[in-house]
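One chain, chain A, appears in both complexes that follow, with chain B as partner in the first and chain C in the second.
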Partner chain A sequence: MEAFAQTVVSGLLLGAVLALIAVGLTLIFGVVDIVNFAHGEFVMVGMYVAFFSWSLAGIDPLLAVPLSALAVGLLGALAYATFVRKAMRGTLLSQIFVTFGLLIFLRGAAQALFTSNFRGIQGTVLTDLGGSIGGVAVPGPQLAAAVVSLLGTGAIGLFVWKTRAGKALMATSQDREAAAMLGIDPHRMFALAWFVGGLATGVAAALVAAYQPVHPNAGIAYGLMAFVIVALGGFGSIGGALIAALLVGLIQNIAGFYLAAEYKELWVFLLFLTVILIRPQGLLGRR
Partner chain B sequence: MRRLSCCIFVLIVAVTSACAPGAGEGDGGTDGNTVRIGTIFPLTGASASTGQRTLEGVKLAAEIVNEDVDMDLPLASGEGLPNLEGARIEIVSADHEEDPETGASETERLITSENVSAVIGAYFSSVTLTASERAERLGVPFVNGSSSSPELTEGRDLQFFWRTGPSDRTFAESFFDFLDDLNAEKDAGVQSIAILHENTAYGTDAAEVTEEVANERGYEIVSTVPHGNGVNDVTPEASSIKSKNPDAVFQASYTPEAILFTQTFRQLDYVPNILAYGAGYSDSAYFEAVGDAGNYTISRAAWALDAVKDRPAAVEVAEMFEARYGHPMDENSARDFTAALTLFQAIDEAGSTEAEAIQEAMNNTDVPAEQTIMPWDGISFDETGQNELARGVILQYIDGEYKLIWPFEAATADVVWPLPEFSKR
Partner chain C sequence: MTGQDGAGVAEVARAEDPSGVRRAWRERRRELIPWIVFLIVFGLMPVVYSAPFQHNVAVLICTTALMATGWNLLGGFTGQISLGHALFFGIGAYTTAIGGIKYDLNPWLGLLIGALLAIVISMVIGLPVFRLRGHYFSIATIAVGEIALLVFLNWQFVGAARGLSIPIKDDSLLELQFSGQQKWEYYYIAATMLLLALLATVWILRSRIGYYLIAIREDQDAAASVGIPVARYKQIALSFSALLVGVAGGFFAQYLLFVDPDSTFALTVSIQITIAAVLGGVRSMWGPVIGATALLSVTESARLYLGGTGEALNLVAYGLLVMVIAAFEPNGLIGLGERLRNLRRAW
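So, the complex of A and B:
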């Protein structure tokens, strides 16, 4: 029973963080209609921002959240303004390869600039916080990451559904031409989507850097999972991404513990394939 | 017409590359007065930092041969290889990206296009397996320093493969000798064992040999947990070990997962008594990343500065390494340093870069212990290419350095067992 409770808690903690990362991806996809293959590398960049804030200026990763968010947000906006915007005028293939190129570039640049060494943030406010409730460990860094990520996901939801800018964003995602006719500049909206998507990703990245090694390949696993979650939840759906992420976290932990841990991702992909068969648009996606 | 020109193009490429100079023939390795040696290590990907450190070991060995260094090591004094008119060693490095297939094709490229006389690599046992087979087929010597899978020298019958370091069979036996002593002398009461391992050749073979020796010695295996590489969460694996609460955990993992497991165990508020099969736990990058949580780590090793402090040359090499590369020499760098120096000695002994001549010299290698930087009985290969004089020692990371804790009679520090809580390290 204790073991089961532990898998559920660990699963939800992991899922919450994955949710915010996936929301960043789904927002970009939903509005701009481009798949950001470099999304995992955005996470990696955010992790480095948090690491260097800590190692050079002694800033706790919790306080580095805004820095990392801003950095990744600007990276997203910059990527849009320079390459993506141009590529959108090209063929489908060039749209696919522009973000793929960005992936290779970011990973290579990180290795060239920061070397392939593993970095880790130690002795933060959160390190020895947390404890166990009835034998179930609730680690401080992960709890903080999960709580902030859920707040972040909520904030993105509020922004999209309640603010003028958010509604304009959604209008562009639903019908680019109609929105443009009503005076909404699609390019500004696209840039905004990349910025907000990056912002969300940067928040999550700074938080995971508090308890995971930071290196040029640190984003790969996050990028892959974010894609599965976005497809599972429905492309462009924030609520879908949240539900799917929590599901993925739970399945990874429960199946990983009771079945073979080595194949924990297999169960996630199995669920993904099943959902795609039954509901190709994803859990909450529109057709 | 288009198809025809395509065919012709392919034909031309095929023919010219087959005729390319040095495609497996002759002593292509000398160019003027240099001997070209290939290295194949993981230079990109998650284990790039480890690959870099192994490559640095090889480069330092080449530097000691090439420059006139005042050090009590073979080939250190004087410049270059004396029996080859002072020829210098040139290192041509290639990257296998942790992929066995890439490792094999890059080894082939080193041999056929880069014209190297011998290849050193590949750290990942799974890659050493395929790369050495490719070298064998091309008839070029392949020397390994830092792969420990027993499979590499058991039942393969290669004529051009040598391993200077110990295999995990040697290490597993050392570990159980250590546990026997620990139970007898410190009343540790270790009985139940779990195995946590990565799921390629290195980890699965280490797990297999651990299980074998554990059964022989009467220890009980309560759980075997394999894990993948390049993952971002190992909570289920760690929880699974925690739920079995074994007296000791044998772990074979590369650096990123070693870091992740340490952090995850800490978060689960569980302190496993890990006995590590080196790899990630031998990597100085591991200790930089986890900080104090890495203290008291116990690992098997083929090298530690603390175990060779009585050898002036070993201390000088370690100092030179740190001065050159900015981080301390670790086990992985020392192992490939030794593989490289052994190969360079054989080439000098052969007085030639021809594969057969190097082969004969390698087979006749007989380096006494004090001519190496390793805590071994020396270097001499059996018919499988395994160095039968390689030894394992057991270390514990205390006060920022690996200390020799076993064999007890040679120990420089007392073993701390069971391992202390993470917050008290």
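So, the complex of A and C:
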């Protein structure tokens, strides 16, 4: 029973972080209609920002959150302004390969600049936050990451549903021509979506860097899970992403513990393929 | 651009007007030029570039071009962009390797069985993934590829993450093993397979299948509404590409005498295949060949002269290149070439 409780807690902690990363991805897709295949690399960039803030300036990962968020947000806006905007006018192939190229570029750049060495942040204030409740261990960094990620997901939801800019964003996502006719400049909205999507991802990335090794391929697993979560939850759906992310976190940990640890991601991919076979639009997606 | 519609034009020209015979002949000749260039370049490649390192690059160019040609029938001509083709490469490689190691199977038979297995698996996969379109399809193909990688990384029978070594035998064409420093034999086998693949591709593109595939790419719903069985023809394109990539995988296992999951099933292998096609130009059957040649000539040289940094800088360079192509010249190097030619004509 204790072991089961542990897998559930670990699963929810992981799921919360995945949720914020996936919300960043689904926001970009929902508004811009392009899948950011470099999303895992956005996570990697944020992790490096947090790592170097710590190693060069002694900034704790918790305090590096705004730095990382801003850096990844600007990276997203820059990617849109330089290449993505042009590629959007092209075929499906252009739309897929523009962010695929970005993925390769960012991974190569990280490898060239920082080598493939694993780095890690030691001694954050977050370590002291942890503890155990009734035999279930709750590590501080993971707990902080989960809590901040859930707050971040909530903040994105509030932004999108309650603020003027957020409503304009959703209007563009639903019908960009109609929104444009009401005076909402679609290109500004697309840039905003990339910025906010990057912002969300950067928040999660800085927190993940507090307990995960940082290296050029550190984002791959997060990117893959984010694609699956977004497709599973329904493209463009924030609520769907949250539910799917918690589900994915739980499956990884429960199946990983009771079935086979090395296959924990396999069950996620199989669930995804099963769901799309029955519901191609995902759990909460609209066709 | 020539491979697809030249024949039809020629036929019409000949029927309409007897003096059009000359024009028809000119069309024919224009189509033949790339084939002649191909035969000369690929026939002489190992003679001109004679160092062992260069032979190795030439073999890589042929196998990559073979895979990219297969990928392009599905990705370029049918418009279904798969990012999981490493799966078929791995199936081909492992079938040949396991057959040779555990069942003393002849490698040529291994190649054949591997290719057939790749086709069968492509049919199983086609069922769920062809329900999806556009980005959704691409993500599903990544998921399928990752499942295969995870399975082979942990499957003890096939050597798990350590991989498998194929036992060395005496040099012979029958055993598909040659131990020389120079890779003549491997090169010409790979080049012959590429030539056969290109001939098959041109046959497909000129037959009704080719027109159906392009119709599906241009507008799937319109294609379905005029009675094209969309699902079946997508499956034909996928099976053909699985066949070519599977054969390439079997050949590659035999060439290295070693297989492991990270060099066969990894996403990087899928990336390599697709980028060769995209770089060259996906609207032409020659695009993948040109793309593979350009990509590997540059990246392998950089790797040789710059070492580990070279590999990282390669990624930076071709990441940028792919973004530039996607944003500015979707028809790749072929599109760029045409643009330059038009520019010169305008002068």
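Basically, the second predicted complex is superposed on the first by the 286 of 287 C-alpha atoms of A that agree within 3 Å, B and C clash if a C-alpha of one lies under 4 Å from a C-alpha of the other, contacts with A are read in each partner's own complex, and residues count from 1 in each chain.
Keep this in mind: a residue touches a chain if its C-beta (ideal position, glycine included) is under 8 Å from a C-beta of that chain, and two chains touch if they have at least 3 such contacts.
In this text the structure is predicted, and so the values were computed from the model without any measurement.
When the two structures are aligned on the shared chain, A:3 is found in touch with chain B, with no touch to chain C.
Of the two partner chains placed around the shared chain by superposition, chain B is the only one that A:256 touches, whereas chain C remains out of contact. Applying the stated contact rule after C-alpha superposition, one finds that A:228 touches chain C and leaves chain B untouched. Once the two complexes are laid over each other on the shared chain, residue contacts for A:118 go to chain B alone; chain C is not touched.
Once the two complexes are laid over each other on the shared chain, residue contacts for A:269 go to chain C alone; chain B is not touched. In the superposition on chain A, A:106 contacts chain C only, with no contact to chain B. In the overlay built on the shared chain, the residue A:182 is in contact with neither chain B nor chain C. By the touch criterion defined above, A:158 reaches neither chain B nor chain C.
Shared contact residues of chain A with chain B and chain C: 111, 220, 260, 262, 265.
Taken in their complex, chain B has these residues touching chain A: 43-46, 48-49, 51-52, 199, 225-228, 230-237, 239-240, 243, 255-256, 259-260, 263, 266-270, 285-286, 288-293, 423.
Those residues of chain A that touch chain C in the complex are listed here as 29, 34-35, 82-84, 86-87, 90-98, 100-109, 111-112, 220, 224, 227-228, 231, 235, 260, 262-263, 265-266, 269-270, 272-273, 276-277, 280. Listing the residues of chain A that touch chain B in their complex gives 3, 6-7, 10, 14, 111, 115-120, 122-123, 128, 130-132, 137, 139, 141-142, 208, 211-213, 215-218, 220-222, 225, 252-257, 260-262, 264-265.
Against chain A, in their complex, chain C makes its touches with residues 75-76, 79, 81, 83, 127-128, 131-132, 134-136, 138-140, 142-144, 146-147, 150-151, 153-154, 267, 271, 274-275, 278, 282, 309, 311-328, 330.
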